[in-house]
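Each of the next two complexes has subunit A plus one more chain, namely subunit B in the first and subunit C in the second.
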Partner chain A sequence: MGLGDTFDRLRRPFEGPNTLGNSRAFWVGFLVVLAGLVGYPIGFGSYAASSAALYLLYAILALSLTVIWGYTGILSFGQVVFFGVAGYSFALISMNLESALATTLALPVAVGLATLAALVLGYFMFYGEVRDVYVTILTLVVALVLNTFMAQTAGSEWTVGSVALGGFNGIPAIPSLTFGVGEAAVTLDGSAFYWFTLAALVASYLGLRALVNGRFGYTMVATREDEDRTEMLGYDVRRVKLLVFALGGALAGLSGVLYATWGNYISPSVFGITFASIPVVWVAVGGRRSLLGAIVATVVIEWFRQQLSATGSQYALIIVGVVLLAAILFVPEGVVPRLDAALTDVRDRFATNADTPEGTPE
Partner chain B sequence: MNALNLVFQFADNFAFVVLAAVGLAVIFGMMGVINLGHGEFIMIGAYGTTLSANAGAPLPVAMAVGVLVTAVMGFVLERTIIHRLYDRLFDSMVATWALGLILTQGMRILFGNSIPQVSTPLGNIAYGEFSYSTYRVLLLPVALLVLGGLYVVFTRTEFGIRARATIQDPDTARALGVDTDRMYTATFVIGSALAGLTGALYAPTLTVVPGMGSSFLVEAFVAVVVGGPSVLLGTTLSGGLLGTIDAVFTNLFGTFYGQIAMLLTAIVVIRVLSNGLTGLVESVRNRVEGE
Partner chain C sequence: MTATDTNTDTERTDASTAKTTDALSAEATEVADATTPDASADAAPDGGTTDASDAADPEAVAAGTPPSDTSGRQSPAVAATGPGTDTLLQTDGLTKRFGGFTAIDDVDFDVEAGELRCLIGPNGAGKSTLLKLITGRHDATSGAIYYDGADITDRRPHERVDLGIGMKFQVPSVFDELTAYENMRLSVQRTHADADLDEAIRDALERIDLAERATTPAGELSHGQQGRLEIGMAAALEPDLLLDEPVAGLSVEERNEVADLVTELNGDGIAFIVIEHDIDFVANIADEVTVLHGGEVFREGSIEAIRDDDEVRRIYLGGE
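Take a look at the complex of A and B:
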């Protein structure tokens, strides 16, 4: 009894009309799945865990777009910009300074730089009254231009400190994620990296649930639904959009640092047109207004792409395109919210059946 | 001498910006749909041209085939997919993006990573130490011709008036007997055909590969953003502005800086003029008429 009450009190801040899964059953399921994910490296070994970590860090990138697009109504093709900026920053800082402390600090600094990039770009866009499609186009163009820029940095004049940017080939031998000073430093790889990424993902997910179900989250949703009306009601819409965009930049940056340390490698293809579109695919298919949907879709789609490319199939991108098109045409709200609605439907029907005494005339 | 160089560079860039943007601008300005698969439509036009030229067709015929193929594809896609998404701005962007992915990868699977290329016809104009491809110089009058043609079609013909009526007020237009669905389809087909034309025209000068569409995207999107909602005027003005900026910066610092300068221009223009260059023209005109 007391335990149930504590449980209910704990889940309250994370619940509200802006997220799916507002029931005790959901949270029990959530904890079970989480326990399974935590145990995954123990059951399947550190190699499998390290491959799976990629899907988890991508899911953070997907969350960054969900909060911007799904909750605030700004479609950005530029999440990869902040992803890449953070990844490159981490590489340049940690490889120039070459100490455990520097690598430790490189994580927050790189995420900070990504946030700063989002603030600058967001300031110009939102305080310049740039709206709708124009935001989308600008973010896309920024990604494409960065792609062109990084791809032409092959020459020896393009070095930052002692690290060559490497043009198309990118930067190899980026150090793994490290925490600590000197001898006492811990380097995360294999299972440890997986657990760290999982923790970061769960923290982002719960943090965003609390955010979108709080006061600020309501303002975000109001901005998405009707920008002018929200402004009339006295909210500073531009500031809301800028803050959300910066938050999205920070999350994408975190994901980017994890990516760079995951494969110890980053290249201009992170700014490329294919990679720029992938977060939109995850979020559109999973359900743009659902944090959980974005995570589930990311993991499933990426796993699927991995399987396809492992078999050397050229059809991976075609299938991704077709899935995206089908989702937009037939399941515009996303697969996960659709499943949730279907589930609720079934449960309601069972409930009414049980409640209606037999033989009662309707 | 350098001035002449700059003039040629400007002509080349102006034509490129206008031709890259015009198909996108017609579809966006008339229908409010941003076709993120625009680059791939251009690519289809280029493939149509190159493949038919390789099959033995004379270049002008091959180009006509390229345009036709793209127009037919635009028609089919509009009738099956795009027309469901007219009032869903973001969804139409994502859907056309998905189409772009499918087209790029589909062409890669069908024809491989490269096909035999068509060489640039008509030789060179040499002037002192500089030499320019005659063909590329001719693209400037072609670009102007396209703009002029569109002006005539949308302002001087029955079709143009019906199309613009549909854009301004679909309900009233329908009440007055305009088949608005057909107008949307026709506009989308015109936009697709223009993208195909761009692909056809540039097929002999660029390397025709499945991913070539993305090399048009930056110019096309920046031009549409800078131009603002009025299609023809906007495309012409932004072609002029961006062409100049690109020419100057490319000449001084190299191709990449030309692109950076265009991006910065776009950001500045939008920051200062939220309705693009045509918004500025509009407001000046209103002020003059008001006095």
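Take a look at the complex of A and C:
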């Protein structure tokens, strides 16, 4: 009983009407799945873990869009901007300074630069009263401009310090994620990188659950539902949107650094229209108002895309497009919230059936 | 937090005093109405030294308005609505144009602390526009709005809410997808710490008789319940002035419930500006009536005087 109580107390800050999974059963399931994910590299080896790490780091990018779009109502195509800015920043810092300490510090600095980029872009958009679809267009344009710009940096004049930007070919040989100083530094590869990414994802997920179920989360939801109304309750909605956008920028930035260190490579294609659209697909299919939905959809879709590409199919993206259309047409709220509703429905029906015989005679 | 509370209490007391004065002497209001900001500055030169000013000053300072300008004379905002005056809100030559159309034309309008003012006028008279100018939803084309010693003409809507101006909308604009509890939470969390939040939300719902419907999505509440929730949320922000557009399409019974709630809150010291169309209804609740017509203040006075005014009747009934 004591253990159950402690468990209930621990899960309380992460629960509320703004997330799915507010039951003891959910958290038991969560811990079981988490244990499975932690054990994955042990069962399937370092190579499989390394491939899976890509899906996990993409899931952080998906979460960044979920808070902005699903919870605050701002559809941004620009998450890849902050993803790419952080990736490129990490490469330029770590490769120019070439020390373990610099590589260690490059992670927070790159995430900080992505956040700063989000703050600047967000400031001009939200304080300039840009709303709705114009935010979507503007963020997409910023991504495409960066795509075009970075793609023409092939010449030798485009070097930052000792590192060539490399134009369309991008920057190769980016160091892996490293923590520490000099000899004592640890480089995260294979399974270790997978575990680090998993930890970052779980921390982001739990942190966001606590956020959206708290004071600020209610303000975000209110802003999504009706900005003018929210303002008349005394909330500065421009500030709310800017803060959420910055948070989204930070998460996308973290994802971007992980991406650059995962493949030791980054190229302008991260700013391209294909990659810019994919987070929207993950989030729309999984359920844009569900943090869990975004993670599940990202992992499943990316795994599926990888399998198709690996077997040489050129239709991977077309199939992803069809999946998106099907989701929008048939499950507009997203697959995971629909499954959750169905599960609750079944459980309620069982509960009523079980109650009836023992209930009141009439 | 404590300072704010004390401040609010003081203002509440001021408000009820003002209300009594107002009820006793209608002429006092007339005089205040006629007084220009500069003249009232001269009339109340000691405004800055009374006890009331100590309570109100932090707010004026927080609002970024100096109590007096460099030459030692009071700013128009303080002169019009600052400590030492009973006026809570004043518009000075307020004008709003939409392209070539003048919706509000050089309106001087003011409301005393604790008063319940009805705003009437035919369709298109500018009633809603005037409220939107006061809440900041619309920017004024020219003129100024003074509130509680501060010039709020260029303030953002949310800043005006922080200063104590609340708004209740014509169409219940509660958040449909959120439950009654969550709706109320959005309002109550502005004034309460996390620890007291749950209790305060339940109290606030109790007060508007919606405690039983706490877990119902607001979109599924009846029209009258939405109206009550709307007022309850506005009142939970602890405003000194509430702008009230009546809920459209209510039954007589539901309207009476809302009216009772308005009267009750007004009794607690919250000043109201209520837009109303039904003059009999106005007679039941209002002290003073302002008639808007063609974007201008057409008449202002007691409900009896307005009801007997042939000109008012003419503009209301149109060509008949």
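In the analysis below, the second predicted complex is superposed on the first by the 357 of 362 C-alpha atoms of A that agree within 3 Å, B and C clash if a C-alpha of one lies under 4 Å from a C-alpha of the other, contacts with A are read in each partner's own complex, and residues count from 1 in each chain.
Heads up, the rule we're going with is that contacts are C-beta pairs under 8 Å (C-beta built on N, C-alpha and C of every residue); 3 or more make two chains touch, one makes a residue touch a chain.
Owing to the predicted nature of the structure, the values given are computational and were not obtained by experimental measurement.
Undergrad: In the superposed arrangement, which partner chain does A:120 touch: subunit B (first), subunit C (second), both, or neither?
TA: Neither subunit B nor subunit C is touched by A:120.
Undergrad: Check whether subunit B or subunit C contacts more residues of subunit A in the superposed model.
TA: B
Undergrad: Touching A:17 in the superposition: subunit B (first), subunit C (second), both, neither?
TA: So A:17 only meets subunit C here.
Undergrad: Figure out whether A:215 sits in contact with subunit B (first) or subunit C (second), or with both, or with neither.
TA: second
Undergrad: Based on the superposed arrangement, let me know which partner A:75 touches: subunit B (first), subunit C (second), both, or neither?
TA: In the superposed model, A:75 contacts subunit B only, not subunit C.
Undergrad: Applying the touch criterion given at the start, work out whether A:231 contacts subunit B, subunit C, both or neither, answering first, second, both or neither.
TA: It touches subunit C, and subunit B stays clear.
Undergrad: For A:332, select first, second, both or neither according to whether it touches subunit B, subunit C, the two together, or no partner.
TA: first
Undergrad: Can you check the complex and tell me which residues of subunit A touch subunit C?
TA: The contact residues of subunit A facing subunit C are 17, 215, 218-219, 221-222, 225-226, 228-237.
Undergrad: Give every residue of subunit B touching subunit A within the complex, in rising order.
TA: My answer: residues 28, 34, 36, 81, 84-85, 88-91, 93-95, 97-102, 104-106, 108-109, 211, 214, 217-218, 221-222, 224-225, 256, 259-260, 263, 266-267, 270-272, 274.
Undergrad: Considering only the defined contacts, which subunit C positions touch subunit A in the complex?
TA: For this pair, the touching residues of subunit C are 135, 137, 156-159, 161-162, 166-167, 169, 173, 175-179, 182, 185-187, 189-190, 194, 233, 237.
Undergrad: Could you please specify the touching residues of subunit A with respect to subunit B in the complex?
TA: Touch residues, subunit A against subunit B: 69, 75, 124-125, 128-134, 136-138, 140-142, 144-145, 148-149, 152, 273-274, 277, 280-281, 284, 314-315, 317-318, 320-322, 324-325, 328-329, 332.
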